[in-house]
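Here subunit A shows up in two complexes: once beside subunit B, once beside subunit C.
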Partner chain A sequence: MAYKMPAQKYSGQIQEVTIGSDLKLGGESVLPFYSFDGDMGNKPVIGMEIWDIIPESWPEGVLNTFKDVADDPVKWAKYCEEKYNPDFICIKFEGANPDGLDKSPEECAEVAKKLAENVKVPLVIAGCQNNEKNAKVFTKVAEALPDKNYVFLSAVESNYKEVGAAVGMAYGNIVAAESSVDLNLAKQLNILVTQLGIKPEKMVMDPGCAAVGYGFEYVVTTMDRIRLAALQQSDTTLQIPMILPVSFESWKVKESIAPEEEMPEWGSQEDRGIAMEISTAVGVLGSGANAVILRHPRSVEVVRNFISEMTE
Partner chain B sequence: MARFLTIGERIHVISPVIRKAMQERNPEPIIARAREQVEAGAHYLDVNIGPADRDGEELMPWAVKTLQEEFPDTPLCLDTANMKAIEAGIKVYDRKPGKPIINSADAGPRIEMINLAAEYDAMVIGLCAKEGIPRDNDERIMYCTEILERAMDAGLAPENILFDPLFVVVKGMQDKQQEVLEAVRQISEMGLLTTGGLSNVSNGCPKELRGLIEAVFCAMAIQCGLTSAIINPLDKLVIDVIKTADLIKERNLYADSYLEL
Partner chain C sequence: MALNGMQIYKLLPRKNCKECGFPTCLAFAMKLAQGGTEAEKCPYMSDEAKAQLAEATAPPMRTVKFGTNDLEYSLGGETVLFRHEKTFVNRPRFAVMFSDTMSPEEIEKKIKNINAVNYTRINEEMYVEIAAFRCESQDKDTFISLIKKVTEKCSKVVPMVITDNPEIATAAVSECADKGPILFGANEQNHDAMVNLAKENKLLLGVTADGKEKLYELVEKIQKAGYRELLLDAGSRNLKGAFDDMVNIRRTALLSGDRTFGYPTVAFVCDMAQDKMMQLACASLFVEKYASIIVLSDIDYSLALPLFALRQNIFTDPQRPMRIEQGVYKIGTADEESPLLVTVDFALTYFIVSGEVERSKVPSWILIPDAGGYSVLTAWAAGKFNAKSIAKAVKEFEVENKIKTRELIIPGKVAVLKADIEDELPGWKVIVGAEEAAALPNFLKNYQQAAS
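Entry: the complex of A and B
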């Protein structure tokens, strides 16, 4: 008798969420890349991170790649779009940080609007370290770009009401619910966001990210358990696509920032940063990430290749 | 593991309001009772039309259609001893929200309900009884086995049967409670699904005690393996206990707002 491959069938399915006009996330009813078990849904997507200000804190290798365009977010976004073909652009409003340039929400909205007018791919709007300021920035940006289905990264426990009300309810964009690597908090925040009246198809989640070697096993097990609850237990509160801002974490750890003169035995600083970014991205993709945000063009290329090899 | 399944019991011909509504084919009181149960979190709704010897074949399809038009996402449990009425109800039943449940078969005169379930790919509640309440667990398990054998012959998979060991009233049959729980355990250990009417346990007790008695019995039965129950979903204590038991059993992931879902 011929061997019949057993298939693990789940009752649950991840919600399909459309970013922008036609970038679809989620829809899978199997564990990540388990095409032999059933429907993998939409394949994971890659976004490139840009800033609203010159990212002087970036390690030299990655900063050099963008040195001719980093003074203007529109130029930078178009450069990425044309040269590296990402699925979306993530604009991070670091300039809004009250401890830094403290740019006003109106200034940020102006930049976001220009980007939306000049870039074809959808946008993910990310904030700075200050959640209170982010709520104000997101409100203005969402107001300037209503019903675009852009993702706002993110709503956290301390600002979800304000972010959810403006981004999701008033201006019809997508709310990313961010928790800090805690399974029960991830579920709780999703429930709270839903209770504001936001539909699951207008939500994504960031369960919390870390670079490989920095508590990464907690990230991975949290994501695994989120996916198992969503698929096995049909937990609708967790059937939400996951977006992981990999580059935010992977480029600030010592492996990525220590200059070669200080750590000659570690080799090229740029290569290390890329390696950290790729390893982190592949790890979270293997645990169910539906979208990753990356910084270095080489990482984009490798991770895209990885996704293609795993899905085609 | 699947979550605990609740079947709302409040559409019952024994209620004067429902009896009258069924006689007059007046949908409103039935829909109102359905709505309060669905909102309270019942997964299935039981539709008890009584023996309905006279007009069951017409009444059951009417009730099924009336409820499914209003609540397309809520599956139904068709409850009458009249086989033709069940059959007529299943024929118009939209199975999108889930298979219909036949309430009920037993090991005696109603064993044919098993064949009906097999024929229509329905689920069925299998009462572990033949005539009246089984004397002891030897009888319960014997009837359970008879139902199972009939199901095997008819081609009905065991996971389509909810075995009901017959819950009994605490006020008067206090000495039988542990035995019923033990029956739940024995049936569960065979890998079978179980159910039971929780209100049977508290029948005749003061109103203010009924919810508590049912909730505690239910929690104890869940630990013995009980997978579903026929309940009054408006009793918040019972519902909350079931939701909490699902957490302790790790059938649902904890979140602070778990009772609100």
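Entry: the complex of A and C
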């Protein structure tokens, strides 16, 4: 008997979403990297994370890479863009945190505007830990940068109305709907955001991220189920590209932050941080991420190679 | 293909003797179809019928073994393509590749690295399980001396003998037969001799061919020769091709129900990339989908920490969340004056909480009572995380002898427990902590400042 390749049929397709002027996400009608089954759509993209303030909490290994530019987000973004060629820049307004520097939404909008003027690639605007403050920051930033198709990371259950109304409806940018590693919550939030009047082509979703080893099985399973529902059951509420802020999680776990003096047998702290970031990124890409946010240039290089090898 | 109850019934003697323990042959057949009993229970079935039934009721993917005694491992036996459908059962095992043309320094370095990586993460011992030996010298003695050297120095590894020369394979296998080695590679040319060698020594046999079609034909031949302890390799040595092989071999077994591909697979990541981090990327993908042995060029902690952690996560049974051991955990350089927090024994919660406490740079103690392995709110709702279980842990782990503080920080979400705990633990004051773990660094800094 001759070998017969098993065929898996999919009835659904992931929505194509354009970030900025021409960075396309999604569009696939098969499981991640299943080129043997059909159309893989647009290949996954990589963004680099920068902060509006000097990221003193970053482990030394990754902070050192940016030490000459980290005091100025525009310098930092341009440095990343010229040197490492990411598909987008993710500016995280950590300085807006009310428990920290508590920068005003206006200050943040000023920074975002300067970035938009100086950087060619599209921006992803990320907030701090405080969702209430984020809604205010996003509103001001979106107002300063209307119709740019920038992604705002993110709208959560407690602020989606305010974020959706400003970012999506009033100022024509893209809303990232963030849930916490639960298929039903993800679906519900997508529906709520759509009900505000935001079109699916102006949405992405962040189903919740974790580093490998830290409940990562929930991330993989949630993403697998989202993709299976979107592709096999044609659930339109879940046919939204997924963006995963890998670096937000992978650089805060013990493997990445424990200094070499504390764990001499573990070896280079920088290598460990990079490795946790790469493994987490590949893990979510294998479960359907359309965009990942990374910190270390070495991770960007390796994950880009990985994506090229899988898609070309 | 699986048989239904009626089809099985037709294979039975239909004499309703009740010797199988069921009232009728039909009842027995129905139970058998559901996998609720075994065909052997029927004393009157013909051998032919038994063989037919065994074939029909066997799982779609075989469970195979390698190694011996404490170092014996199972591979395969998977029944689903996604862990949420049931669970994955047999985790992939990691190998480091050696060649008998490598310099002695390189060999020594790998031996050292293999022995260095050995640690425990949530009750699981993490180390490289396999040393793969590729015979490139085509010289029997050179090859055997390499295997000897490495297996003597790395006591835990099971050897994987890689050669297509049956004569060298025979010598190498007899050198390490007591370790239950894997024999790789039976191919189109040598499969008769290799199958015999594997049969004689009861070894897991790696089968390799150029492409899935040729591999399929070869496996059919080997199955006909009566050997089914197999490990498959469809020959791709690039990432994209190997991913295609892993996914489609697994789908052929589980979706098409075709047992010719119902065996575990091996991914030679060491041949797919030179760069260590790129090997990590490839290996991470194959932990998720769907390799059973992953061969790396080398190992160190930067590779092991993410890979073993990822594997531990993916191969957790969704119905049995990971728990950590109860006790008092020391975070940072905590001493008897340091603050004390309590949370649940659900591994994920503990990891997040301990991570945030570490980030706070406030040395602390974390008390873990028996909370049923649930998250904070679930454990509280189930009555597992309450004043009684917390007070019990305080006594059981002799917290009062170890730590001077008489203040206990509880998760903000279970603030209602405050009064109850204070009743159960006379002399203690309960402090309601942060609602979310992410707020712990700030909380602890303020708490410490207020105390000093």
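The definition used in the following text is that the second predicted complex is superposed on the first by the 306 of 312 C-alpha atoms of A that agree within 3 Å, B and C clash if a C-alpha of one lies under 4 Å from a C-alpha of the other, contacts with A are read in each partner's own complex, and residues count from 1 in each chain.
Methods note: a residue touches a chain if its C-beta (ideal position, glycine included) is under 8 Å from a C-beta of that chain, and two chains touch if they have at least 3 such contacts.
As the structure is a computational prediction, the values presented were derived from the model and not from experiment.
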- Message: Taking the superposition on A as described, I'd like to know which of subunit B and subunit C A:235 touches: first, second, both or neither.
- Response: first
- Message: Once chain A of both complexes is superposed, is A:129 in touch with subunit B (first), subunit C (second), both, or neither?
- Response: second
- Could you look at A:195 and tell me whether it touches subunit B, subunit C, both or neither (first, second, both, neither)? first
- Message: Between subunit B and subunit C, whom does A:104 touch in the aligned arrangement: first, second, both, or neither?
- Response: neither
- Considering only the touch criterion stated at the top, classify A:180 as touching first (subunit B), second (subunit C), both, or neither. neither
- Query: Between subunit B and subunit C, which makes contact with more of the residues in subunit A?
  - Reply: C
- subunit A positions touched by subunit B in one structure and by subunit C in the second: 225
- Task: Would you mind writing out the residues of subunit B in touch with subunit A in their complex?
- Result: 3, 251-257, 260-261
- Task: Note which residues of subunit A are touching subunit C in the complex, please.
- Result: 1-6, 8, 33-36, 57, 99, 129, 212-218, 220-221, 224-225, 228, 252-255, 257, 265-268, 271-272, 274-276, 278-280, 282-283, 286-287, 298-299, 302-303, 305-306, 309-310
- Message: So in the complex, the part of subunit A that touches subunit B is made up of which residues?
- Response: 183-185, 187-188, 191-192, 195, 225, 229, 233, 235, 237-238
- Residue numbers on subunit C that touch subunit A, as the complex places them: 82-84, 116, 121, 212-213, 215-217, 220, 238-240, 243-244, 247-248, 251-252, 255-256, 258, 260, 275, 277-278, 280-282, 284-285, 288-289, 300-303, 305-307, 309-310, 312-314, 316, 318, 348, 351-352, 354-355, 358-359, 438-439, 442
